[in-house]
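A short write-up of the structure that comes next.
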Amino acid sequence: MTVLLDIHNVSKAFDQLAALDNVSLQIHTNEFFAILGPSGSGKTTLLRALAGFESLDSGQIVLDGQDVADVPPNERPVNLMFQSYALFPHMTVFDNVAYGLRREKRPQGEIAERVTSLLATVGLGDMATRRTHQLSGGQKQRVALARAIVKRPKILLLDEPLSALDRKVREDMQLELKRLQHEVGITFVVVTHDQEEAMSMADRIAVMDQGRVEQVATPVELYKNPGNPFVANFIGTSTLLRGHLSSGRLHLTNGVKVPCSLPSEDGAEIWLMLRPEDISQTPAGAITGTVISTNFYGPNCLVVAECGLEIPVKYLVGNSEVPRVGDATKISWAGDTGVVVRAS
Amino acid sequence: MTGVGKLGWVLAAVCFFLYAPIAIVIVMSFNASKIPFQWTGFSTKWYSELFANASVLEGLRNSLIVGVSTMILSVVLGVLLAIGITRHSTSSAVQALALAPAIIPDLALAIGLLALFSAISFPLGLTTVILSHTIFCMAFVAAIARGRILQIDPALEEAALDLGDTPRGVFFRVTVPSLMPAIIAGALLAFTLSFDEFVITFFTNGPSTPTLPIVIYSMVRFGVTPEINALASLVLLFSVAIVLISQRSVKLSQSI
Amino acid sequence: MSRTTISLSVLVGSTLFLGACATGGGSEPLDPNADLSAQNLVVSNWAGYYPEDLATAFEEAVGSSMTITNHATNEEIMAKLTAGGDSGIDIAFVSGQFAQALANQDLIYELDKSLIPNLANLAPEADNLSYDPGNKFSVPYAWGTTGICYRSDLMAGNEPTSWMDLLRPDDMYKGKVTALATERWLMLPAQKALGYSVNTQDEGEMNEVKDLLLEAKGNLLAYDDTTFYSRLVSGEAVMTVAWDGWCNYGTIENPDIKFVVPSEGSDLWVDTMVVLKSSKNKEAAHAFINFILEPTNHAWVAENILYKVPNQAAMDAVLPGLVGDFPNMGFTAAQLLGYEGLVDLGNAAALYTRLATEITSG
Amino acid sequence: MGYVIAFMVLPVAIIATYSFFQRGQYGGIVYSLTLDNFARALDSLYVGILGTSVALSSTVTLLALLIGFPTALAITKLQPQHQNIALVLVILPFWTNFLIRTYAWIVLLSSEGLLNQGLLGLGIISDPLALLYTPGAVVMGLLYAYLPLMVLPIYAALSRIDPSLREAAIDLGASRFTALRQVVFPLAIPGTLVGCVFVFVPSVGNFIVPELLGGGKTVMVGNLIRDQFLKARDWPFGSVLAIAMVVMLVLLFALQARITKRVLGQG
């Protein structure tokens, strides 16, 4: 695995507000990389810095061994697919896709050939002469994608690529993006606030918050082993209980004790992260509570119950045992389930 | 960014072009000499002469009457017109027609109105001036209001109806407040356009009620006196005040 | 939209109807004992062509209230008076040939001379002028002629004596000459220079006039009816076509500004007062004319506007110094009558308008 | 609403009606139908004046475009709160009296005026230049009067362009200038055309500037129309000319709409 892009100690502030706070990341060749974070986390600033639209206050961006900090955006071997797609409304689909090649002064014949074949690849072979406002959302997205990859950039940056699409189209496009990435062999860097989107597509994900990278890991690792409470909370559904460990139990701050035999220093303050599937509803359960809401998913149902543990507990039940709101419930979990998360 | 630097110079040059003549007028208004081209010393006498000039004061009074009446009429009619053409008409011809007086050459409109008033033997005076001004100011208000209406989520009014308000109540409690920035902008525009309007007033005014621009026109044509400079400076000050107020109130209403 | 169509056709129809009715209707007799204080007189005069407190003086003397409005040119007031409908004006000040045109259109009221006893004060020469013999419709207010107003200091040794000095100026004066823009006076210098009548309707003569004026245009600073005297004061211009009294406004500021009537002669123009037929205050209107013709009042007017008034008693009463300072005030009636009176041109007006357009746009 | 529109249409309808009647000897209207007025408008004299007006107004429009576009572009580059101030600065002179703004140029341009005195004082010229009362002065006055009408629509058009379009072009390899030329300019064409019409139409119809700054030596259509109503008292012919102006305006807007449609491929 070769490092294609090395982001090293990058910082950027707007009006003294840190948008990027000492960010370091390494992205590998042919990787599908996602930058995930809530709005205002700095992920878009990072993307724009990679494309060359934001200058850095400090740090380096090294692409394929070359520091690109002073390379203007039009000369970087990086292309960006804009969130709004930014299709030129005064040009046809063909002209939009051909735009970048024409800037490179490629021969007419080559341009026609490359554009035509790429349009066929993205399934828009018969749309070349359309104006962009005549296209559906999914078609626009394909044009934007084709336009950005036709120049064969070393990296394709995608800014919230699926946010403008309907749910059904979005699911199709997730698969499509993965397929295309394999087909064209370009490194994709996707910025998104949608964890499902990131988890389903990306090889690795960087989770950002308040201008900092909180964790970089594969989707499975992020889910199973979040590096800090923010990631634990942000990725997937979880119940995070805060307290200190002592003799196989977690002492919550309100004095309640719950089972936890995970290895950790006695007395240290930790968060215990319990995924809904870690907790079971059983008549033998030692913890009692009241159901405050139920979310039915089909095969199973997410139950939220108030059990006197400072925060409501979320757990899954099978579709034959769905309780009603207001019912009393008993739950339990094994002492060795869950993950210990430390504050970073 | 380097682009801003170069374009910044463009902006500075344009501002110089726009303001140099005005600055000269202001400077000359304090010139003691009657000849506009020779500086003989500082004086405020043209201001005192201006305030003693009965025809200027009368013109000012008439202009204010016309301006305020036009403002009120054209806001009410213009907003209704805008709602009419955006909500109740799909014909682009009707829309174009309704907005036409804003762009039709003022001379053509003035002549048409003069012809209309003389055809129905309506005596010329401030009433005809107000009616005439309203016609084209209303079109400007409608154009502004139309832009705003197109921006407003139609669900707002539906939401109010859904919550039990009457159509009339919806109009005054939802439609009008959400149009407020456009209404204020339109009102100020209508007032200033009317206050400065010369050509249409020239044709549709009666003899005994000159507005300020008419007074200025005869002053400019008959011997150039520094009183005009003084008047111009005051009118400029007045405009600046209106613009500042409008900036404030529009922002205020947008934040509400 | 059918209602719109109906109202449209009604209005267009009424245009035709009212237009057709605009003329006609006789003169109703005036009431010599009318309550003048109940009447509100509206007078339109040239700006600056009357004493500033004229309205106050009249109100005090007669009791009617009075508003004076201004027009810049004969054409401007004519447009208002002939637009159809009620102009709201009771008395208009217009030059003689325009009074004649208004009378021909039946827009002015034939004066009731019994209400204007002061008509007797008019100079006898002013009672038989070509545009309105016997002053049936109009009463002369001021009269004078047109000539060249120039800077004698800047033109020392080259003072103009002929219209040609202005139409074909020496190189050093090119671009420092102004002419009047109002049609009749635009034509006058060339008409007189070529030896033609100021009332000529001969197309051939007028074409020569046009050619000469087009040639002269190349040397003009501007056409200027209203501010030429201040151009002389500032030195922008050295020579201007001017009405005599207006030249005096320059002389007040700079005594080197002088007036001359060129040797080829000039016109006799008369500015008159007319009562509009549409006036609802005709008694007060007559009282106003009578007020003006009062010798002390008319002298007061002359002293203010620096034009000669056709009222011998008044001219005798003006401050003696004025005649010395402003030569035109000393012109005799006989001298003025030696110039050619301007009369309305009737259908030939269209020819003049066209030629004027050709000249100014050429 | 029908009434409101009727009130707007009536003036035009009436002058349209007048244009088919004859002039009375002393003004007024003689109600017999004729097409003479239209024939007269084709006279070389009036066609010539129209040509002069169109030439002068086109010059004004072109200059306004050359100055107004960079100005509008410069404003869009400012920070949002500064954009507002810059716009107010551009519009403010437009809100002072038109006659006074025009008059200020007399003070500037006359042979005794500031510009000439400045040039004389600097020794650049030895005799005053004839600046005032020339067609150039008329162009200058009209440009000064209507420049804001060019800047505003262009600004509106530019500020509506999604900034990511320009960035997309740059991202795809275009230089700043190329992005401006190939993406920003074409998308600003509709607003720019509106600005051109806004400047051109009132310039053609203006009669004050030719009178005050042209010294009466430059005659434009506006003067001609004004004179038909106020001097020659030839309402029917004046109506023909006014109608011609309205028709020209309609044609210009139709042209503008057509080009807009062609550029953006939509209405």
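Remarks
Residue numbering begins at 1 within each chain, and the chains themselves are lettered A, B, C and D in the order written.
Quick note on the criterion: a residue touches a chain if its C-beta (ideal position, glycine included) is under 8 Å from a C-beta of that chain, and two chains touch if they have at least 3 such contacts.
For clarity, every value in this text was computed on a predicted model and none was experimentally measured.
Hopping across touching chains, the smallest step count from chain B to chain C is 1. Of the two chain pairs shown, B-D and C-D, the one joined by more C-beta contacts is B-D.
Comparing the centres of all chains, each the average of its CA atoms, the largest separation from chain B belongs to A. With centres taken as mean Cα positions, chain D sits 18 Å from chain B. Distance between chain A and chain B, defined via averaged C-alpha coordinates, is recorded as 53 Å.
Averaging C-alpha coordinates per chain places the centre of chain A 87 Å away from that of chain C.
With centres taken as mean Cα positions, chain D sits 35 Å from chain C. Touching two or more other chains at once are residues 11, 15, 19, 84, 234 of chain C. Residue positions of chain D touching 2 or more other chains, listed in rising order: 5, 9-10, 14, 110, 112, 229. For chain A, the set of residues that touch two or more other chains is empty. By the document's touch criterion, interfaces exist between A-D, B-C, B-D, C-D.
Considering their complex, residues 11, 14-15, 18-19, 42, 44, 47-48, 67, 69-70, 72, 80, 83-89, 226-227, 229-230, 233-234, 249, 253 of chain C touch chain B. Those residues of chain C that touch chain D in the complex are listed here as 1, 3-4, 7-8, 11-12, 15-16, 19-20, 22, 73, 75-76, 78-79, 82, 84, 101-102, 104-105, 175, 178, 181, 183, 217, 220-224, 234-236, 346-347, 349-350, 353-354, 357-358, 360-361. Listed in rising order, the residues of chain A touching chain D in the complex are 51-53, 72-75, 78-80, 82-84, 86, 88-90, 99-100, 103-104, 131, 133, 147-148, 151. Against chain B, the residues of chain D that register as touching in their complex are 1, 4-5, 7-12, 14-15, 18, 67, 70-71, 73-75, 77-78, 84, 86, 88-93, 95-108, 110, 112-114, 117, 144, 147-148, 176, 197-198, 201-202, 204-205, 207-208, 212, 222, 225-226, 229, 235, 238-239, 242-243, 245-246, 249, 253. Only residues 1, 3-4, 7-8, 10-11, 14-15, 17-22, 24-25, 28, 36-37, 77, 80-81, 84-85, 88-89, 94, 97-98, 100-101, 103-109, 111-116, 119, 135, 138-139, 192, 196, 198-199, 203, 212-213, 216-217, 220, 224, 228, 231-232, 235-236, 239-240, 242-243, 247 of chain B touch chain D when the two sit together in their complex.
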